[in-house]
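Below you'll find the structures, each written out as structure tokens.
There are two complexes below, and they share subunit A, which is joined by subunit B in the first and by subunit C in the second.
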Partner chain A sequence: MKKIIVAGLILSSALFGAEHVIDQKGKTFIPHAITVAVGDTLVFKNSDPFAHNAFTDNAANEFDTGMQAPGNDISIKVKAAGVFNVECAIHPNMLLTVTAK
Partner chain B sequence: MRAILAIVLLLGIVNASEQFKMGEKIYKETCLSCHGADGNGNPHVSFIVNPRKLTQTILTQEQAYKIIKNGAHAMGAAADIMPSFKSVLNEEELHAVAHYIYKKFDPKAQERIDELYAKSDAIAQEQVEQMLKHGKKIYNRNCSWCHAVNGDGNGEATKNPEMSIFPYNLVKSLLDEKQMFLYAKHGGKYWGTRKEDMPAWGNKYDDYTLKSVVKYINVQLKGEAK
Partner chain C sequence: MILRLGLSGIIVAMMASSLVATEDMSKWLRPAEVPQPADNKLTPEKIELGKLLYFDVRLSSSEKVSCATCHHPKQGWSDLVPTPKAVGHEGAVGPRNSPVVLNTAYQNTQFWDGRAKTLEEQALGPIEADVEMNMPLDVLIPKLNGIKGYVALFEKAYPGEGLTEATLAKAIASFERTVVSTISPFDKYAMGKKDAISKKAQKGFELFKGKAHCIDCHDGFNFSDGSFHNIGLKDGELQGKELGRYLTKRRAAWYGVMKTPTLRDATKSAPYFHDGSAGTLHEVAHICGNGGRYKHNVKNKSTFMIDRELTKQEISDIVSFVESLTGPDMKLDIPTKFPQ
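On to the complex of A and B.
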């Protein structure tokens, strides 16, 4: 039974991709660098008492969360391999480097 | 002729000294309770009013006079904490207290501002059209969340009650392009605010980009607001 569950988890992970939580806390992305697989999902949390706006200009993975209120989660699927930076439009010192393989 | 010149100079010094004394008296009676004896804020009230540090001003003496006279809200501040003193002080007294604040707490402010600006990249005037386009893009992406697309300070980010941010109404701001550029580059804390509401965008953008944003605010947004 255990083997079936483990196999199921591996299969669903392969089919739907893994989730990686990126917290935004103290005007910092935590972690500030992450390696993921194409198809994985970045889940942006906001633990600060104010809004954030994560985005990247990377053409292959372009996204913009828009205004993200405190306590909200926003999921972004990684579409293409490569290394790209994610910034916050409101807080200039926030930087996340994503390596997608 | 020399004697007349000496008398004129002497009278000027006496007048400035009289103005300083008048300003000092008013400051101690009226301003000290919030701004503190050293201009850095009275620690006993700073948890309520968070006054700016007068020792790190970006304002000219004339701009300080206008804020004392009309209150900060009329000059673009979101919160109505720094009140207007025009019903309490006459013109002579308003100028005297601005003179005192400037001379006492930050006499080298203008020198410091000019030096900082001189170190920034010079931008050729013929680039204005390009700057307006670039400035608009950056403004809408980074600044409009707080300062709003039209610059009135009521951006999306202010609508969240948990946030407690009070962005300036940029179209009412007294700052000229040089001051606004330096404020954006170094951030509010560098210029005397206690919180880091206005970040130092110089950590992210080059001088050309920041000057473009300021150009867009001054030419486009202030122009539309007239």
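On to the complex of A and C.
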């Protein structure tokens, strides 16, 4: 039975991609660098008591989360392979580097 | 290589490290180490050359305006003649209040709208701007190359690199990196001298970190986290330079946003805000603490701008605290003679 569940999880991950949580806390992305697979999902949390934003101008993966209120989660699917930076439009000192394979 | 700037910086660093074990007040103290790019490490020759250039009116087309005209040490590195908006070439009024140069070495973006990342990128903009120094670089560089004294000083500071736009920017940026805050009464308080600021200012500090939420943007030793906000100084559609960082890219979150300014030495650099529309720190604290000047019809107003329902007494306490962030002027010999 356990083997079936594990196999199911592996299959599910292969089909739908893994989730990677990125927290926005203390005006930093945690972690500040991450390696993912194309098709995986970045889940942006906001643990700060004020708004944040996450965007990238990388053409193949372009996204902008808009104003993200405290406590909200926003999911972004990684579309293409490459290395790209994610920034916060409010706090330019925040930087996340995503390596997508 | 790291250049440590002056005795004050060393004292701050030593005392900050001794404080960490007891109370984490070190975040409020200026790091003695000034960030420097790998290709423009500070040297005394670069700093001295940059200082001469910074104060030399021959860098403007009228030969009446220098960098110091709008960023003068006697006015907290802001306009020598305080005005809401900068006055430059032949009395031309610029679109914004002059930002202070103090502690810009520690910033990751320059200008109110953050359009330059480094001091080197920033340094030449005001020289060329028609409402500032109005000096085309293709005129200025040959002009400076015709001044033997400058050619010699550039060779000393940047051996073999010549007197070019790049070395001009590097030299001015090098001087600007030395423009740093000194030890204020609040710094002494943060170092453990509990009577260095008044009880009123101490109340203000608690409000600053607590009820008033000033710290949400004015965070860290420079009392700015470098964040960008539209704080609602104007309602309706914004025009021209009022658009702020939106001018660098039409990103919705950047409509009308400007960089959070430092509060260090703020008592010296009135008027305030990017449009110079507040004459006093009381007015600033009232606007920022109570949800912005305009409550409605402000496009992309920062969600940080919440009415904290501050009382007059609380605003007064916060201002007392901000006043305690003013230190003595940094030691500086303003040049009176220039290379010939």
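Here is the rule we use: the second predicted complex is superposed on the first by the 101 of 101 C-alpha atoms of A that agree within 3 Å, B and C clash if a C-alpha of one lies under 4 Å from a C-alpha of the other, contacts with A are read in each partner's own complex, and residues count from 1 in each chain.
Keep this in mind: a residue touches a chain if its C-beta (ideal position, glycine included) is under 8 Å from a C-beta of that chain, and two chains touch if they have at least 3 such contacts.
In this text, all values refer to a predicted model and were calculated from it rather than measured experimentally.
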Partner chain(s) touched by A:A69 [first = subunit B, second = subunit C, both, neither]: both
Touched partner set for A:Q24, first subunit B, second subunit C, both or neither: neither
Contacts of A:A51 with subunit B and subunit C, given as first, second, both or neither: both
Partner chain(s) touched by A:N61 [first = subunit B, second = subunit C, both, neither]: neither
Overlapping contact positions on subunit A, where the subunit C interface meets the subunit B interface: 49-51, 53, 55, 67, 69, 89-93
For the subunit C and subunit A complex, residues of the former touching the latter: 108-109, 114, 216, 219, 225-229, 251-254, 257, 302-304
Of all residues in subunit A, those that touch subunit B in their complex: 49-51, 53, 55, 67, 69-70, 87, 89-93
Contacting residues of subunit B [partner subunit A, same complex]: 141-142, 145-146, 156-157, 160, 162-165, 199-201, 203-205
Subunit C contact footprint on subunit A (complex, rising order): 27, 49-51, 53, 55, 64, 66-67, 69, 89-93
